[in-house]
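The same subunit A turns up in both complexes below, where it pairs with subunit B and then with subunit C.
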Partner chain A sequence: MDMLIAKNLGVSAALPDGSVPVIQELNFSLPQGKVLGLVGESGAGKSMIGRTIAQLLPPGFSVTAGELMFDGQDLVRMPAETRRELLGREIAFIPQEPLSGLNPVLTIGRQIDEHLARLGIGNARARRDHALGMLNDVHLSHGADLLDKYPHQLSGGMCQRVLIAMAFASRPKLLVADEPTTALDVTIQARIVQLIAEMQERDGTSVVFITHDLRLAAQVCDNILVLYAGRPAEYGPARSVFAQPAHPYTRCLQLSNPAMSGPRRALYALPERMPGLSAIKGIEGCLFAPRCPKVVPECTRALPPFVDVADGQVAACIRPETTATIAAPALSASDAPQAGVPLLEVRGLTKTFRIGGGLFRNRAFTAVKDVSFTLHQNEFIGIVGESGSGKSTVARMLCGLERPTEGEFEIDGREVSDGSTSSRAHLRAHVQMVFQDPQSALNPRRRIASIVTQAMEAAGGTSGKERLERAEALLLEIGLPPDAARRFPTQLSGGQRQRVNIARALCVAPNILIADEIVSGLDVSVQAQLLNLLMQLRRKRGFSMLFISHDLSVVRYLCDRMLVMYRGEVVESGPTDRIFAAPSHPYTRTLLAAVPPDDPSAVWSPQPLETDVVAPADMLQEANV
Partner chain B sequence: MIATVFPLVGRRLLSSVAILLIVSMLLFVVLHVLPVDPAAMSLPPTATLADIEAMRREMGLDQPLPNQYMIWLAKVIQGDFGASIHFRRGVLGLVADTLPATVELAVLAMMIASALGIVGGLVLFHVRGSRKEPVVDFGSIMLLSIPEFLWSLFFILIFGVALHWLPFTGRLDPDLRVPAGTGFLLFDALMAGRLDIFFSAARHMILPSFALGIAFSPTIMRVLRSSLIDVYQEDYIHLARLRGLSERRILLGHALKNAILPTLSLMGVQFGFLFGGTLLVEVIYSYPGLGNLMVDAVRNADLPIIQAVGLAYCAVVLIINTVVDSLYMVLNPKLRLR
Partner chain C sequence: MMRILPPWLRSARVLGGLTIVVIISLCAVFAPLLAPHDPNEQDLIATFLPPVWAKGGQAAYLLGTDSLGRDVLSRLIYGARVAMMVAVLASFGAMMIGGTLAYIAGYFGGRIDSLIGRAVDVWMSFPPVIMSLILMVGLGVGLRNVILAIILVDWTRFCRVLRSEVLVVARKDYVAAARLVGFSHWRTVTREIVPATLPLLITLVSLEMGIAVIVEAILSFVGMSVSSNTPAWGQMIADARQYIYDSPWNLLFPILAIFFAVFGFNLLGDGLRRTLDVRLTATQRV
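== the complex of A and B ==
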């Protein structure tokens, strides 16, 4: 029996200049006990489908066509009170950000209790027993202690377990999981996915799994629906969609995602980005046509019909047979690592923080312990590790933002960790940092030209005209139009802002860039553009980079060598290819096994690592790093 | 809970002592720069220059200012704030008689301000985006722009003079006597079992406390409204809806508990202003509190009283801020010691 059926569903938003389709011609059926993956980049409308199921749409948005049937009832047309009765009972949700999904001023116990009371478990004692059982089911130990804790005292993985426990408390018929693992570390992501699968099997729940990660979707879903600008691009059994994508967008998504195995290939970078709400109306014909590598004039005549391409697989493309011919450009020979002279030498770097506020409660926490490595000219080194592994602290020390407790580092043959004025000047001239979040790293009140040339302005001795010329040259180099120099950061997209962020770091022509998770918040197609840009910049101007990331596939693509950090220590280091082919440390093996494999038919066997079920003492550490 | 706020209260106590010392020094210096001679004032008009000189010596006024301050401070530490030149009474007794009246008025006014502020904030939040919003918003801005002394005058004219509903001078009806006790009239009347005194005192407090409370409520309303709007953007509110909780339950059980935190820290600051605001209101309602004592003292250049009352205002504000911050800590789990 089908639990959730969408028939020609359409959602529109009322904008000042008329109504715009947010979701159009959505068709799928989700059988009982199966998993449907909704895949696409941000703005594709996948979260909007989740909100449509709950009918909690933003103001001005409404369902304008078709129907959405849950268990034989029409979710759109039923009275709001009836629908509210279903929510939390028969339809449950798991959010993207587990930490902000729980109310910060109420204990975990209070929040579970409230939910159970609503489910009709009358007596407080029974509710407590029930809550303890639920926490046990999601493998959270010390349940009784946990009930008295507040969300900020728990790690993200633990909060997500609590939310999963609450979602499954009523043994729901349908679960909507909206990017439930995106905010979590890879090993925890693997365990959370396993947990959802385990609970789903127990209760026979049907799941709508929303994700941007095609590889993950191929692993966990029975069927996949790929969305582009609110319209289905492709729909079909997960394995066949992944193995033989029929829509060019699916294929491009796949090619823009770095592989975890096999020979290193270049990334396919789709140009531009997905059209926003206001741009959709201006596109004639296929919405993907403006970015499609196989576009022909017929594509822009009308919206493409849904074509059966294989058993149960449909694609909204008039020429699905050409999709397989889309290929990523070859890696050029000059992308191969070229060893230069040593630029940065780090010896025994250690950082200890004092934590605890009171007079007698001081305790030391070692965030980074005895880290040593050498960065050569034109070399990209990746630092991987989970949150709390100390990788960002290493970056902050090497930029001079934090003084090492012990150890030293040399840049271009000069010792710079003593903190003197001349050392800091030397450091600034050679090392620049690119921050993670361009949104908060760029001052919203300054124009791009002034942001990009801040370092020149601070050094003095340049005129405004010189700086503007330099800014325009830099913008051209990082692939933005020179007239962007006169705009403000809010007028740019996320990917463009991150380019500006990189341009700012490149302004003083540093030898070393330190990049802390610079592509983690971006869509894969934008990520591919940026990774290719970094490669291209290295070819053109030559620089070294320390690339900090939790995403192993990105490090594999970009970096010549890598360091694996775990709890402040480097547990393994060496050439990237060697580590991926034959990891020697058990933690590295756990980390690699946690990433869904490229081939969906391969068995994904993440190993258990109890980092998300930590003891209270460790929670404190995690919160302070 | 006591263990939670104990370190905070301890720290605040230490810093309060330092703040009071600095304020007392400032008061001391400023008052001695004034062209007022306490020695001459404390003698009858017939006194000779020699008499005044002798009095100056006796009062220690011939000493350098730092010495004078040390002498004053030494006495204050022993509980001797000196005697009022005008009232011919110990300053400590005068302050002890009037301080409770003012604190009682201020606390009542703060309760009214908080109640109006929270209800008003919820109303403002409720009407957001509706057609009623401009009207309610206009009302709240109008409230914001009327100061407490204007409210005092309106209330006297409307409820006192025109309608004769409520008394508007003093603390009690003239035929009643203040019962002995703490000086907090409502409390003392109840302890003495005198309901007639209790109701008379309460009736006398309605107009001044409402005048103060209404004047200080709009800021609370507006802050509560904007923090509620912020809280409603949070994921846990959205998720509470997805769990099928009712809107009422989401507002009262989830949103308000978070939105009250910034409102509470504002209330702490507001109370300081409100306590200062009692001065004008007391004068308008002839309410025998610290404010009227201060006004009398200033009029008579009664330096010992000005000094003591100034310190009393300062101490009350410090205490209230400590209480509010402790409350904030209790309500916000993130600030509690782990």
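== the complex of A and C ==
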């Protein structure tokens, strides 16, 4: 029996210049006990489908066509009271941000209790027993302690498990999970996904799994629906969509994601980005045509019909047979230049923070412990590890934003960790940092030209005209039009802002770039553009980079060597290929196993779900780092 | 062709507040030209005259006369001088002290921050009116000391509000980035942090001006501000208080003058806050 059916569903947004389709021609059916993956980049309309199910559309958005049937009832046209009865009972939700999904001023126990009371579980004692059982089901030990905790005292993964426990408390028929693992570390992502699968199997729940990660969807889902600009691009069984994508967009998504195994290949970088709401109206014919590598004139005549390409697999493309011929450009030998002389030598770097701040209860917390490595010229080193492993602290120490407690580092043969003025100048000339969040890293009140040439402003003695010329040259180098120089950061997209961020660091022509999670939070197609840009810049400029990331596949693609950090210590280091092929430390093995494999038919076996024992001191550390 | 005005000039609040403030400022600057009489000229035959539209009013005294036969309108216009002088000097003075300490505390953080924070806490634990009266006793009467007293009492307001804003901005990555490309502390603060907090600063100054007008009126009411031959609104209220049953007009006009001045400054401050604060305008756009 089908639990959720969308028949030609359409959602429109009322904009000042008329109504724009946000979702169009959406058709799918989700049988009982199966998992449907909704895949696409940001702005594709994935979350809008989740909101349509709950009928929580933003103001100005409304369902304009078709129907959405849940268990034989139309969710769109049913009275609000009926729907309220269904939501939270029959239809449960797991949000993207576990911390904002829980009320910060109420204890976990209170929140579970409220939910259970609404579900009609009689007295307080029964509810408490029920709550403990629920927490046990999601492998949270020490349930009784947990009930008295506030959300900020738990880690993100634990909060997400509490939310999963609450979602499954009513044994719902349908679960909508909107990017439930995006904000979490890979190892925790694997556990959460396993947990949802376990609970779903137990209760026979149907799941709508919204994600941007095609590889993850292929592992988790029975069926996949790939969305592009609100219109389905491809729909079919997960394995076949992943193995033989029929729509060029699916294929390009796959090729823009770095592989975890096999020979390293170049990334396919889709040009530009997905059209926004206001741009959709201006596109004639296929919405993907402006970016499609296989576009022919017929594509721009009319919206492509949905064609059956294989058993149960449909694609909105008029030439699905050409999709398989899309290939990523080959990786040339010059993409991996030979490493040169040692540039940066780090010896025994240690950073201890004092926490608590009390007069008598000063506790020390070692964020980084005895880190040593050497970075050669032309070499990219990746630092991987979960949040709180000390990766970012290493970065901040190496560019002089934090003073190391112990240890020292040498840049180009000169010791610079003493913090003197001349050391700082030396450091500045050789090391620059690219920050993680371009939103926070670019001053919204400065124009792009002024941002990228800030180093010249600091040095002084240059005219405005010189600076503008330099800015335009830098923008050209990082692939932005020169007229972007006069704009403000808010007028650029996320990917473009990150390019500006890189351009600013390149202004002083440093030998070493430190990049802290610079592609996290970006769509895969934009990520591919940026990774290719970094490769290209290395070829041209020959700099070294310390690339900090939680994404192992990106590190594998970009870096020659890597360091694995765990709780402030480097547990394994060596050439990337060697570590991926034969990890020696158990933590590295856990990390690698947590990433879904490239081949969806391969068995994904992340480490078994151990009930995690988080001592209070550890929780404190997680909250502080 | 219509010129495009900046958003803060298109707000009704800002325009309303600005109009009132400009009118009062013009009165203050051009008092000798605008006032029909010398504010201290006494006409002992024509005391307690009502305003011109009431029964018994004279065209020579538009808003009537007080107990000594002085022209109320002229005294109000001259009183604007004292009010505006105090408003401008006291609020800028408080901004200079409070703002500087706020930037130092928020930017450097740590021990300096907690030191300045404690100083503000201790300072704010004195009730403001008592503290200004004590200061006046210690400093002696006079307009200069009124301004000094307001500055010494109210700098904490700037320091506390601004510090939390500076703290947020100083933790942004672009401030760290500015340090990394070689900006000095001075340049980082003036080029990266001050522009981001300027809207708040302007708003606070505007609100502080309204407060300064009230404090000056209180102090001149109790006779601690200007000498008796300089007309001030608070002094006019004090004079009229004794004859409240004979001539309520005399009490009403200076009260209205204070009311409009404070209303104007607050309206301006509120309007500026709404239009200049990026966060507020951003939420309005969504």
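The rule we apply is simple: the second predicted complex is superposed on the first by the 618 of 625 C-alpha atoms of A that agree within 3 Å, B and C clash if a C-alpha of one lies under 4 Å from a C-alpha of the other, contacts with A are read in each partner's own complex, and residues count from 1 in each chain.
Please note the rule applied: a residue touches a chain if its C-beta (ideal position, glycine included) is under 8 Å from a C-beta of that chain, and two chains touch if they have at least 3 such contacts.
Because the structure is predicted, anything quoted here is derived from the model rather than measured.
**Q** Report clash or fit for the pair subunit B and subunit C bound to subunit A in the combined superposed model.
**A** clash
**Q** Please indicate which partner A:Asn443 is in contact with in the superposed arrangement: first for subunit B, second for subunit C, both, or neither.
**A** Touch partner of A:Asn443: subunit C, not subunit B.
**Q** Would you check which partner chain A:Thr187 touches, where first means subunit B only, second means subunit C only, and both and neither mean what they say?
**A** neither
**Q** Using the superposition on chain A described above, determine whether A:Ala425 touches subunit B (first), subunit C (second), both, or neither.
**A** Touch partner of A:Ala425: subunit C, not subunit B.
**Q** I'd like to know which partner A:Gly400 touches here: subunit B for first, subunit C for second, both or neither.
**A** It touches subunit C, and subunit B stays clear.
**Q** Examine A:Glu114 and indicate which partner it touches, taking first as subunit B and second as subunit C; both and neither are also allowed.
**A** A:Glu114 contacts subunit B only, not subunit C.
**Q** Quick check on the superposed pair: does A:Asn378 touch subunit B, subunit C, both, or neither? Answer first, second, both or neither.
**A** neither
**Q** Who does A:Ala458 touch here: subunit B (first), subunit C (second), both, or neither?
**A** In the superposition, A:Ala458 touches subunit C alone.
**Q** Quick one: subunit B or subunit C, who's touching more of subunit A?
**A** Per-residue touch count on subunit A favours B.
**Q** Looking at A:Val508, would you say it contacts subunit B, subunit C, both, or neither? Reply first, second, both or neither.
**A** second
**Q** After superposing on chain A, which of these stretches of subunit C ends up overlapping subunit B: 134-142, 152-160, 170-178 or 206-214?
**A** Between subunit C and subunit B, the clashing stretch is 134-142.
**Q** Overlap the subunit B and subunit C contact sets on subunit A and report the shared residues.
**A** Comparing the two interfaces on subunit A, one with subunit B and one with subunit C, no residues are shared.
**Q** Please name which positions on subunit A make contact with subunit B in the complex.
**A** Subunit A reaches subunit B through residues 54, 56, 59, 84-89, 92-93, 95-97, 100-107, 114-115, 118, 150, 152-153, 163, 166, 357-358, 620.
**Q** For the complex, which residues does subunit B have touching subunit A?
**A** For subunit B paired with subunit A, touching residues are 7, 129, 234-236, 238-246, 253-254, 257-258, 261, 331-334, 337-338.
**Q** List the residues on subunit C that touch subunit A in their complex, please.
**A** 172-174, 176-183, 187, 191-192, 195-196, 278
**Q** If we count contacts the way the header does, which residues on subunit A are in touch with subunit C in the complex?
**A** 399-401, 425, 428, 432-433, 435-437, 440-445, 454-455, 457-459, 504, 507-508
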